[in-house]
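Below: the structure, in structure tokens.
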Amino acid sequence: MRLPNMFAIIAVVITGGILLYGVSDFPSFGDPKSPANAAVPGSESVSQYFITKSYKDTKVPNLVTSVLADYRGYDTMFETVVIFAAGMAIFAILGSVGGGSQPRVQEEGPSFVDGDHSRIIVGTTCRLLVPVIQVFALYVIGHGHYSPGGGFQGGVILAASFIIIALSSDLDAALRRLSEVNYLRLACVGILIYAGFGVLCQVLESNFLDYGVLQPILLTDGPEMARSHSMLGVEIGVAFTVTAIMFAIYANLSSRGTLRDGL
Amino acid sequence: MAEFFEQTLQPHFNFWIYVILMMIGLWALIAKNNLIKKLIGMSIFQTAIILFYVSLGVKEDATIPILDPYGQAEHAAAEAEGAETEGEKKRDSYIGKKSPDPDTMANPLPHVLMLTAIVVGVATLGVALSIAQMIFKEFGSLEEDEILEIVKGGSVDD
Amino acid sequence: MIFAFDIIILVFLVIAAIISLSVKDLLSASMIFGIYGFLICLLWAEMGAVDVAFTEAAVGAGISAVLMVATVFNTKRKSSD
Amino acid sequence: MTDQIPAILVLAPLFGAMIIGLAGQKDHRACFPVALVSLLVTLFASIGAIFTVIESGPIDYFMGGWEKPLGIGIHLRIDSLNVILLVAIAIVAVLVAIFSIRRIGDKNAEKTPHFYSLYLLLCVGLFGITIAGDAFNLFVLVEVSSLTSYGLIAMGSSRRGTLAAFNYVLMGTVGASFYLLGVGYLYLMTGSLNMQEIHSIFVANPDIASSKAVAISFILILIGIWIKMAFFPLYGWLPNAYSYCPSSSACILAPLMTKISVYVMIRVMISVFGLGWVFASPGYSNLVVWLAVIAILAGSMLALAQREIKKMLCYLIVAEVGYMVGGAWLADEQLWGLTGSLYHILADAAMTLCLFLAAGIFAKRFNAIEIDDLEGLFKKAPWTAAGFVVGALAMIGVPPTCGFFSKFYLIRGGIEANHWEYVIALLISSLVNAVLFFRIFEIAFFGVKPPEGHGHHEEEEAELKEEHHPEIPNWTGTSSLLVASAFVILLGIFNGKVVELIRVALEDLTVVAQRF
């Protein structure tokens, strides 16, 4: 047996042993009164607060959305920043492979000429599919308050529609719709929208991301609706960044950073 | 055996599986030779942790953490009684007055945390894959032992 | 949450993880990793975490697998282990 | 305005990064001024924070205004413990930005905006980690800083750099995941993510605090942070990652990343678990101190065996991490060990910055990668040499520099805690540093070359050497090096004031956070 294998087995056995040792101490699975779900005596339960009060605070029925975009909105902003940083890191790493930012020679569009029948079928089907996917993605972004979904999921689906274009015809066809300069801009604008909502709250003399004070700007009745609408705003910001960066990561990985040819 | 199953395994079954998955991931991370395999191991490792977190928020017989915003159930019931206007009134005042029972709804907080963790996972995977492509371009191989040999030999030109 | 369902998915999950790590063809490994992602998405839907399940369906079964396939196409398909 | 300081600290570099992303693509000249301005804003904000904290106590900031009950929103906290660190991060960030002005620009010009936005996002992550009061938020920001540092390390085009970066990604992800798992265990047992809240739950419910799951959560968090800080058995990724990456990246990562992890460890020990809980059984703290002793000795010995300047410095970092972890775990009655280790975070940041800046300038201007290449360089570049000497003397521990005083406090802690092995390891490591650096001085001043040739790894050198421009004297680099060395000396001279601040912080925290 190779040396790393022995080491791996020892490490895995030790770690697994420690973890399993701890498992026996856990509250049972599915217990509604466990400390995570209810509370330990003497403190107020955070999760019960979310379930019982968050609709009053934000008027958003999907508790996950309201916790994600409002109570823990600061985390979500940095989640978006993580995506952006990953995109930037990938551009920086793969950019050195083939000079990614050299001006590309604009070739003719994908030619569905004779002889390549399978491509015509795939290309046409995907072309029909893309608008449906995009409309669904917009629905997911906009309807995140009432059903599962939100900026991140919708953004990934929107990016998937561009990836389908790239897969079915070629990368250039997708890059013509969302070019290198534009996806970078879109990503920055997304985070700026998110942080902009937060800073707007600071300008109105409250804490960062305290959407309630945006009521006079958003012309809503009551700070709760202001929170609800601002959440939609930041979700759109998240969707911008995620769409742009997810597509950009695919475009760079599939073309080794050259942004030509693709798969 | 049955007793062991009832008392030890069943209440913590998810937690046992999370440990097993995590150890599979960790083992692949250390022992696998191929870099892509290592990355698959890394992803499994991360999903195991997400499994742990989501298992925390599960409650027996609980529903998903989305409220019924328009009180559709009540609305339908009221409609069946023929009192539509009253049903609408009910819809407006739903939840505003009566807050839901926390035991009937899954804990939303671990879900929120894990959304972030999934995003972090895919971002890390993307960066790692791009580095793997760079390594393949530089060394012409994705096998760790071959790469280490090339590094030690210092024989391949740039 | 149904306990039997839970156990079945978890067992399949472990099997999928082991297979995706032991297949020597990296393209198959990536696809089985996609299956793993989909199973885990199912598991989360079953545990009541719909938002997480949605994200995992989009990311784990979708984007992650696509990124891996893209890398495998640009590098090498065969793996020594 | 002062109550918004925590938000400004993370937002200024964040907006800077976005503006660079938007405008930098068109005009690369816009990148540097934007980066500098946003870093200067954070520098002023952190200096403002120091005055506010001294005058009116800790600054609590609740994101989104969700204050009550504690833990529903995200809590940021600047207290007297982390405020000094904020200033240190801001100063290092500004100095390295000035150092990097010409370096990135000349070789990979098209990567300039990427470099600067990653750089600023790294600063966002570091500031965020320092002020985080929420255990999960800490994880997210650790990931922000990790992902940017993967990018910064892998963006150099050296072959071994990419390999090192890959290992770093794997190790870093495992570390962060272990931390996340530990936080999950804490959440499972307490139902909260806010550090203060978790601590008060432990104080109120001793049975929870003494459960197996909490002990394991502490172990998991500790392992995660140790991987991130390259503590002894887990240091494998660090030397290659930091020595094969571009010098600008090394200069920001080496002084800050490991030290911030040490700070996170101390923060978790003090404000989440409480020192009374952590030091309850002396067996564990003895074990960690012994690990630290091995780390110090191993780091020093491995440094002695290196021929490349940067790699040698990297192994010295491993030894220094041993100093800090050992000091934090000494558990002496008066907490001098912890004081020394907090002071050493600052001191080590300053002197590592000095040495890495100097090594970067040598590599850039004179192509000096190996120690032997330094021959006679001190005459050609006297100012850079002066900075290097100051950093080296601090590393050895010569009196007016900060290195001496940090060792003084650490040794005092070691003696009071009766950990003589730690004291001896510190002294041996100082001796090794002296041998190392005097050998370098000898070569660099008098040009005495050791007899053995170094022809056999020409190829390796060729790949490591960055494109060099001897005709450009690189004033920006030298000036930031000189400022850094001034800080090394100033920190030493004013050690009394800094240590007083740290003691006040520890007293404040131990009033709330100790011995239950």
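The first chain written gets the first letter, and so on, giving A, B, C and D; residue counts start at 1 in each chain.
Operating definition for what follows: a residue touches a chain if its C-beta (ideal position, glycine included) is under 8 Å from a C-beta of that chain, and two chains touch if they have at least 3 such contacts.
From a predicted model like this one, the values you see are computed outputs, not experimental measurements.
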item: A-B compared against B-D, more contacting pairs; value: A-B
item: Subunit A and subunit B: spacing of chain centres that average the CA atoms, whole Å; value: 14
item: For subunit C paired with subunit D, centre-to-centre distance based on mean C-alpha positions, whole Å; value: 37
item: Centroid distance [mean C-alpha coordinates] between subunit D and subunit B, Å; value: 32
item: Separation of subunit A from subunit C, taking each centre as the mean of its C-alpha atoms, in whole Å; value: 19
item: For subunit A, residues contacting two or more additional chains; value: 19, 24, 26, 30, 34, 36-38, 45-47, 50, 62, 64, 68, 72, 75, 79, 82, 85-86, 89-90, 93, 96, 148, 152, 249, 253, 256
item: Subunit C, residues touching no fewer than two other chains; value: 1, 50-51, 55, 59, 63, 67, 70-71, 74
item: Residues of subunit B engaged with two or more neighbouring chains; value: 10, 13-14, 20, 26, 55-60, 62, 64-66, 109-111, 113, 115-116, 119-120, 123-124, 126-127, 129-134
item: Set of all touching chain pairs, with the criterion as stated earlier; value: A-B, A-C, A-D, B-C, B-D
item: Residues on subunit A engaged by subunit B in the complex (per definition of touch); value: 4-5, 7-9, 11-12, 15-16, 19-20, 23-24, 26, 28-34, 36-38, 45-48, 50-53, 55-56, 61-64, 67-68, 72, 75-76, 79, 82-83, 85-87, 89-90, 93-94, 96-97, 146-148, 152, 249, 252-253, 256-257
item: Complex contacts: residues of subunit C adjacent to subunit B; value: 1, 3, 6-7, 10, 13-14, 17-18, 20-21, 26, 29-30, 33, 36-37, 40, 43-44, 47-52, 55-56, 59-60, 63-64, 67-68, 70-72, 74-76, 79-81
item: Subunit D-touching residues of subunit B, taken from the complex the two chains share; value: 26, 29, 35, 38, 42, 45-46, 49, 52-53, 56, 109-110, 113, 116-117, 120, 123-124, 127-128, 130-132, 134-135, 138-139, 147, 151, 154, 157-158
item: Residues of subunit A defined as touching subunit D within the complex; value: 18-19, 21-22, 24-27, 34-47, 49-50, 70-75, 78-79, 81-82, 84-86, 88-93, 95-96, 99-101, 181, 184-185, 187-189, 191-192, 195, 198-199, 202, 206-212
item: Subunit B to subunit C touching residues, read off their complex; value: 10, 13-14, 17, 20-21, 24-25, 28, 32-34, 36-37, 39-41, 43-44, 47, 50-51, 54-55, 57-66, 106, 110-111, 114-115, 118-119, 121-122, 125-126, 129, 132-133, 136, 141-143
